[in-house]
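The next part holds the structures, each set out as structure tokens.
Next, two complexes with chain A in common: one pairs it with chain B, the other with chain C.
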Partner chain A sequence: MSDLLILWLPLAVGALTVLALLVDALSPPPASGRAVGWLVVAGLTATLGATFFVDVAGPAAHGAYEASAWTLALQRLFLAAGVIAALGGVDHVAARAPKRAGEYWLLLLASITGMTLLAGARDLILLVVAFELMGIPLYVLAAFAKTDGDRAGVRDRRPSEAALKLYLVGATSTAVTLFGLALLTGMTCATRLDALTATPLQPLATLGALLMLAGFGYKVGVVPFHMWVPDTYQGAWTPFVAFLSVAPKAAGVAALTQVFVLGLGAQHDRWLPALMMLAFLSMAVGNLLALPQTDARRLLAYSGVAQMGYALLGVAAIGEQGAAMTLFFLTSYVFTNMGAFLVVHAVAEGGGGHDLDGLRGLAGRAPGLAAALLCFILSLAGIPFAVGFWAKLYVFLAAWQAGLGGLVIAGVALAALGIFYYLQVLRAAYMTDARGLAAPVVGAPLKLAIGLCLAAVLGFGLWPGPLVEGTARAAHALLTAAAR
Partner chain B sequence: MTAHLLSIIVAAPALAALVVLLLPSSARLAIRVASLAGALVSLAGSVVALASYDRHAGGLQRVEDVALVPSMGIHLRLALDGWGGPLLLLTGIIIVAGVAASWTLASRDKEYFVLLLVLVAGVFGVFVSQDLMVFFLFYEVAVLPMYLLIGIWGASHAVPAKGPFARAWRVFSVGDKQYAAMKLTLMLLVGSAAILVAIFAMYIGAGARSFDLADLAAAHFDRRMQLWAFPLVWLGFGTLAGVFPFHTWSPDGHASAPTAVSMLHAGVLMKLGAFGVMRIGMVLLPEGATAWMPVVGGVAALNVLYGAFCAMSQSDLKYIIAYSSVSHMGVVMLGAATLTPEGWNGAVFQMVAHGIMTGLFFSLVGLVYERAHTRSVPLMGGFAHVMPGVAAFFTLACLSSLGLPGTAGFVSEFLVFLGAWHSGHYAWAIPGVVGAFITAIYVLRGTRAIFWGPGPSERFHALTDARGTEWVAPIMLGVCLVLFGLWPRVILDSIDTGTTAWLARLLAVGGNAL
Partner chain C sequence: MSPASSFALVAVLAPALAALVLAALPALRRQGTPAAMLCIAGSLGAFGAALAALSRLAHTHTPETWSRPWLQAAGLSLADVGVRVDGTSAPMLVVVTLVALCVQVFSLGYMHGESREAFGRYFAYHALFLFSMNVLVVSPNLLQLFAGWELVGVTSYLLIGFYYRKPEAAHAAVKAFWVTRFADMGLLFGLLALFTASGSFGWEAQLSPAVATFVTLMLFLAVVGKSAQFPLHIWLPNAMEGPTPVSALLHAATMVAAGVFLVVRAAPLFAQSETTRAVMLVTGSVTALFAACLALVQTDIKKVLAYSTCSQLGYMVAALGAGSVFGGFFHLTTHAFFKALLFLAAGSVIHAVHSNEIGKMGGLARRMPLTGGAFIIGALALAGVPGLAGFFSKDLVLEAVEGKLGSLPWIALLATAFLTAFYMGRVVFVAFFGAPANDHAAHAKEHGWSMRGPLVLLATLSVVVGYFGGDLAHLGGHAYHFHFTGGAALASGLGLAGIGLAYAVYGRGPREAPAIIATVDRIAQSRAVNRFYEFGFRRVTLVAADALAWIDRYVVDGLINMTGYVTLALGSRARKIQTGEAPDYVLAVMLGVVAMAAWVVVQ
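Let's turn to the complex of A and B:
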């Protein structure tokens, strides 16, 4: 099969980016924002639909990229996240930045192009390049909120801080990753992931691997590299944060799986302790620091740090089971967390602000939104029959089977502790009076986006079977492809 | 139709919840009728299930199996066993009575009925699950709605704290409904976390192929694993069963909860805990169970005494009943710990008997509180003059509580103490009997203080007896209490079928370890 055909999906998203650029350039500004937004929704939906009909598999670009069930599963996840993010943001972007709306969508598409490429990357160089293609647009996107207060004449410094923090941390992590990459490839004379498996790691190469782990750790936002997470979430536009909090993180964990489980799985004694430490610290610090939060975005940020700790448990399980469970967890996390952030956004736009206090009386003001929030929060907390229950169960089970019993017990205990702050959200939404707050007016696209998340959370929660089988196939494709 | 009887029992409340969800909140009567219909379908199904259970064949009947996650061996596997029928019946009775008792609810009734029905669907699910993971799923579904039910519709600070700890209680806002809801949820979920770890150990120990309870029971687990996994299951489920010292959520939770929720929680949910300890802990981990049994029995005896003493010193009517639940659940755990047929039959019978009795108690307390607007016993007195019906039923519940022959409470306590004697742990029978004696003191003293004696004070002259739908719960529960006391075989035969099968296996495997 020709390389172009195998690379069809990243190419399609890339082409969509160019198309969006043309539409944006050729149509007058006020109308173009919304038009490009809808074009993104339609284009990504069409691409997502096409993945069910186009059946390609195999390596391309001399094995640097590979289309397989693993690649496809991740790409679908990123496309779905893109569709939901576009739906959730189309009104907001058009209202807040009518002149720059086109840029917003272009950057978003560029980032998604990077993700889809990353999913198939089986070569360290391509992987890092795809990672940067994904990451750099995000720095700009985080800064869009900078001009929010301009018309009112107030300058909020938090958006600038959000973007700058994300940028500085991102740039540092890129440097660290590249340094690690240089050491690793220099010592092993290999950039292909399947070539790494056979190479014994010299101390310097081990250092390289650990530096790469740290670099990815920054992007994923695990402790101790999590400092940027709450500030960025608080400063940037919430519909963008909904996307930022899930898709790049899912991509980061997927990249970790590809590099460390596929590439360096055989040499796990060198890096596994470090990864386990990251997982434990994330679970502990994330859950503990989420307890005192009063801003819904910061609470979800720390909860996200903890969630990434659980995801790393799946990576630490090393092997097909672990990879499959990680993928399941990421799928669950993408829909759940996006849903939660979009509800927070809808409530904040309705006049309540982003504080937990702004959720007060939501059950009376907007029963639908409150019920959706209930489902998302229960899913994050890991309560059946929401998909988050299965997700947590599976990563814990995979880690237990891999002999990481201590880590699992710590995780289960910390997860139980975490219920406290999730319940605080529900308390605010269900057990308080609305006191002067009206029902938020939610636009149709945002409603649709929340509805899609809800459908996924409940659908996969009630019937997890197909998703489990799918992720198992994907993990099998990733790890047996290496053995081939 | 009847081939799917169990799914109908479990799904009826869930479907009713869905219907209620779709109704507008202004359709108050329709919401209640839909809820009641769902509850009645489940009750009718439970009666059919119990009546049609073939006791001679025994074992699992009416098996339904749907693969949920085939690759991991998770099946939605429902089946009726000897214990299932009576416990389904208990749940059916309590939910019908609970819906009737909630008929006059004033605020946010739509959400209330949805949560109540979801919760009870979880309870039904636990009693018929034959797959450990599905069992756990339903268990969680039964626990969680409680947070909102208590936090939204509960009552705060009905009786202000007194005594040496009053200041500390105010600082921690003990007695507040949100405090009670959070405490209950967190304690029960930490318990669930412990159970989950034990589930992992069992699943992997049995070859990581299946969560089927029969497969897990057939697997032979490593003795060391059993020794650490059993306490996790015991305390994990035991938290819900009110095992000392993890019972502290229960008085606060039951006292703060609205009437029907107290009925369900004390009447049915605590039984889930005891059921879990027996059905999962003891049956699946026989060696661990036999090794830990002296501790389980000792703690249970402590529960009986401690709960009774606590109940004796309360002045808040709901706290009295709540602590008496802790004491009575100790009897259940004591029966379980004897590992004798009498003890186990007594334990399961006590689940049903206490469920109905405490349901009756809480429904009556709700009626009294709604009218008198106080739960403080010292303020009351002579209520029998103005509410004779309520007084009569309350006295009936008290008599069952202290184990008067002719009521259901007698049958179970007699069986449990007999089992304790047979098991050779004579020392357990003594605290049990003493506990029953103290129970007699506090329930009789309580009844006298509330209902009997000279007429009520000025303030309570206008109180009225129960009316209309309010009669449904007391009459249903009161009749069952006497029926099961006079004719225990209705449910005891079925219970015995389950007991015989599991106990034989447990003693065969675990007996060697003694």
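Let's turn to the complex of A and C:
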């Protein structure tokens, strides 16, 4: 099969980016913002639909890229996240940055292109390049909020700070990753992931692997590399944060699975302790630091840090089942966390602000939004029949069966502690009076975005079977390809 | 799909349908009464279906399971979803739906004063709760049971916190949910270990002794939380902040009973571990005695009943620990009826006198003869007076425990029987006899039929249900024939003595409490167990969180700032470009890298 055909999906998203650029350039600014936004929605939906008809598999570019069930599952996840992010942001972007709306969508598409490429990357160089293609647009996107204060004549420093932090930390971690990459490929004389499996790791190569782990760790936002997360979430636009908090993280964990489970799985004695430490610290620090938060975005930020800790449990389980469970967890997390952020966004736009207090009386003034928030929070907390229940059960099961009992016990205990702050959110929404807050007015696209997240959370929660099968197939495809 | 399982499925789905309709149609929910009627119709349907399933089972005597694969994947078949109708689940389903139905009908009158919107919301929560509980009861494996278990936790949170404008109620809801949820991690560990060892979530697995002990001990941890056993009983008294019918529902037949039900359900696993059973026996008897002592000194009628519930659950757990599965289950069944009766009668009284304090009641038997009669029947049944429901099941529990572990649990339970009769006698004499304490009590009136009907039904059941022990045992494949023994005579003698003592102390008008009770009161007031946990949570968790936040903010940043100052002193312009903190984060990145490198060197 020709390389172009196998690479069709990243190419399609790339082509969509170009198309969006043309539309943006050729139409007058005020109208173009919304138009490009809808083009993104339509284009990504069409691409997502096409994945169900285009059936390609196999390596391309001399094995640097591979189209397989694993690749496809991740790509679908990123496309779905993109569609929801576009729906959730289309009104906000057009209203806040009418002149620069086109740029927003181009950057978002560029980032998604990087993710779709990353999913198929089976070569370290391509993987890192894809990672950067995904990451660099995000720095710019985080800075869009900096003009928010201009209209009111207030200069808010926070958005610039948020973007700068994301950028500086991101750039530094890229440097770390590249240094690790250089050490690893230099010592093993291999860039292909399946070639790494065969070589025993020299100490310098181990250092390289660990530096790459650290570099990815920053992007994913696990402790101790988590410090940018709450600040950036608080400073950037919430519809963008909804995307930032899930898609790049899912991509980061997927990249970790590809590099460490597929590439370095045989040499796990060298890096597994470090990964387990990251997982433990993330679960502990995330859950504990979320407790005293009063800003919903910061609370969700620390909750996200903890959730990434659970995801790393699946990676640490090493092997097909672990990879499958990780993928399941990521799918669950993408829809759940996006939904939660979008509800927070809708409420904040309705005049409540981003504080937990702004959620007060939500059950009375917006029962639909409150019910959606309830489902998302219950899913994050791992309560049936939301998909998060299965996700958590799965990663714990995978880790337990891989012999990581101690880590699972710590994780379950910390998760039980975490219930406390999730309950704070529910308590604000369900057990307080509105006291002067009106019902938020939610635009149709945002409603649709929240509805899609809700459908996924409840649908996969009630019928997890197909998703379990799909993730198992994907993990099988990823890890048996190595044996081939 | 066989008839019995289709009936059971209907029993699960009918309340779910009512809840769905109420969730989907806010307009209907806000109407109030129609929503309540829909919910009651759902419960009535569920009860009818449960009864049909039970009679079908009584006819065929073969357990039936209907299930669909829920989770299957290559190399990983996780679980089925479905219904199982057998001698444990079918009677339990009938008890749960019947008590829920009574409580809902009673609520029509009790919650009448609420706004329409709140009224509708209340019944929507009830429908959701009944669905969750039924999912738990009919589950064919422990995974579905766990799912139902968690749902029960969530919906109980909504019900307990129903009066959320009262800070105590909101606090109680959080506490109940969190304590039980914390204990639930035991269930999760137990399931993980069970699945790893046996490859399924069934309860029939044969495990090695060590694994069996681990699995059952972990399951029992969840039971301790849900069934409010010492030392995790602390949430139950607080949960009395919920509306009284909710207390009747949660604390008689459903939520707290779920823990005992889990042990009955997973009896084959518990049979494999002597150690766990010994732990259960000790926990159960300690809880029974401890909670009975605390019940002596409560002045809030609901709190007396709350501690009494803890105490009776201790009886059940002790029976299960002694190896008598049927003893625990039988007491669960009888207790469900008379405790629901007591709570509802208490609700009727509270509704009439506008107070929970027994000191503000008095003479109510004359003003409210039906409620008074119902309460007295419930109290006598609870006290184990011969002929009433509690007598038979309590006797079976005592018989099972007798002679175990040097007879200490047996003695504790006998003492509990005496104390139970005494504290119930106290409530009856103070609240229902003597002179009215105030105008409210003097002018108390019976309520409408929606509140009286359930009382009559439950009172009847509290009298007769004990005689069905043999049938219940037969359904579950156990052997049980009541025979009057010395132990039974001793227990009922103690019960009567307790009532007599209560009459001597409280029967002739209000009196100073005896010295011994005042001492218990002082101990109870100290809230030692609660304070222990509060200390644990506040001091340890929050301090840890604060410390981490502090380290995050000051130590790490401080180190970094110091580096920053050094850099600045060296003439770098690094600090000019930024907002103050960003380079710190980058330095944090580098510190992390250095740590990684150092670790490799050490390795």
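Assume the second predicted complex is superposed on the first by the 484 of 484 C-alpha atoms of A that agree within 3 Å, B and C clash if a C-alpha of one lies under 4 Å from a C-alpha of the other, contacts with A are read in each partner's own complex, and residues count from 1 in each chain.
Rule of thumb we're sticking to: a contact is a pair of C-beta atoms (placed from the backbone, for glycine too) under 8 Å apart; a residue touches a chain by one contact, two chains touch by 3 or more.
No experiment lies behind these values; they were computed from the predicted model shown.
Is A:L168 in contact with chain B, with chain C, with both, or with neither (first, second, both, neither)?
second
May I ask you to name which of chain B and chain C touches more residues of chain A?
Touched residues of chain A are more numerous for C.
Figure out whether A:I419 sits in contact with chain B (first) or chain C (second), or with both, or with neither.
Once the two structures are laid over each other on A, A:I419 reaches both partners.
One more residue to check, A:A449. First (chain B), second (chain C), both or neither?
After superposition on chain A, A:A449 lies in contact with neither partner.
Is A:L378 contacted by the first partner chain B, the second partner chain C, both or neither?
both
For A:L300, is the partner it touches chain B (first), chain C (second), both, or none of the two (neither)?
neither
Once chain A of both complexes is superposed, is A:V259 in touch with chain B (first), chain C (second), both, or neither?
neither
Would you check which partner chain A:A402 touches, where first means chain B only, second means chain C only, and both and neither mean what they say?
In the superposed model, A:A402 contacts neither chain B nor chain C.
Would you check which partner chain A:Y430 touches, where first means chain B only, second means chain C only, and both and neither mean what they say?
both
Which chain A residues are contacted by chain C in one complex and by chain B in the other?
In chain A, positions 367, 378, 383-385, 389-390, 393, 396-397, 400-401, 408-409, 412-413, 415-416, 419-420, 423, 427, 430-431, 464-465, 468-469, 472 sit in both the chain B and chain C interfaces.
Quick one: which bits of chain A touch chain B in the complex? Just the residue numbers, please.
Chain A residues touching chain B: 363-364, 367, 378, 383-385, 389-390, 393, 396-397, 400-401, 408-409, 412-413, 415-416, 419-420, 423, 426-427, 430-431, 463-465, 468-469, 472.
Under the definition above, what is the set of chain C residues touching chain A in their complex?
Residues of chain C touching chain A: 23, 26, 69-76, 78, 146-148, 150-151, 153-154, 157-158, 161, 164-165, 170, 173-174, 177-178, 181-182, 184-185, 188-189, 192-193, 195-196, 541-542, 544-546, 548-549, 552, 556, 578-579, 581-583, 585-586, 588-590, 592-593, 596-597, 599-600, 603.
Please output the residues of chain B touching chain A within their complex, sorted ascending.
Touching chain A from chain B are residues 67-72, 108, 111, 133, 136-137, 140-141, 144, 147-148, 151-152, 178, 182, 185-186, 189-190, 192-193, 196-197, 200-201, 203-204, 208.
Can you check the complex and tell me which residues of chain A touch chain C?
That would be residues 157, 160-161, 164-165, 168-169, 172-173, 176, 203, 206-207, 210-211, 213-214, 217-218, 224-225, 227-228, 231, 274, 285, 288-289, 291-292, 320-321, 324, 367, 371, 378, 383-385, 389-390, 393, 396-397, 400-401, 408-409, 412-413, 415-417, 419-420, 423, 427, 430-433, 464-465, 468-469, 471-473, 476 of chain A.
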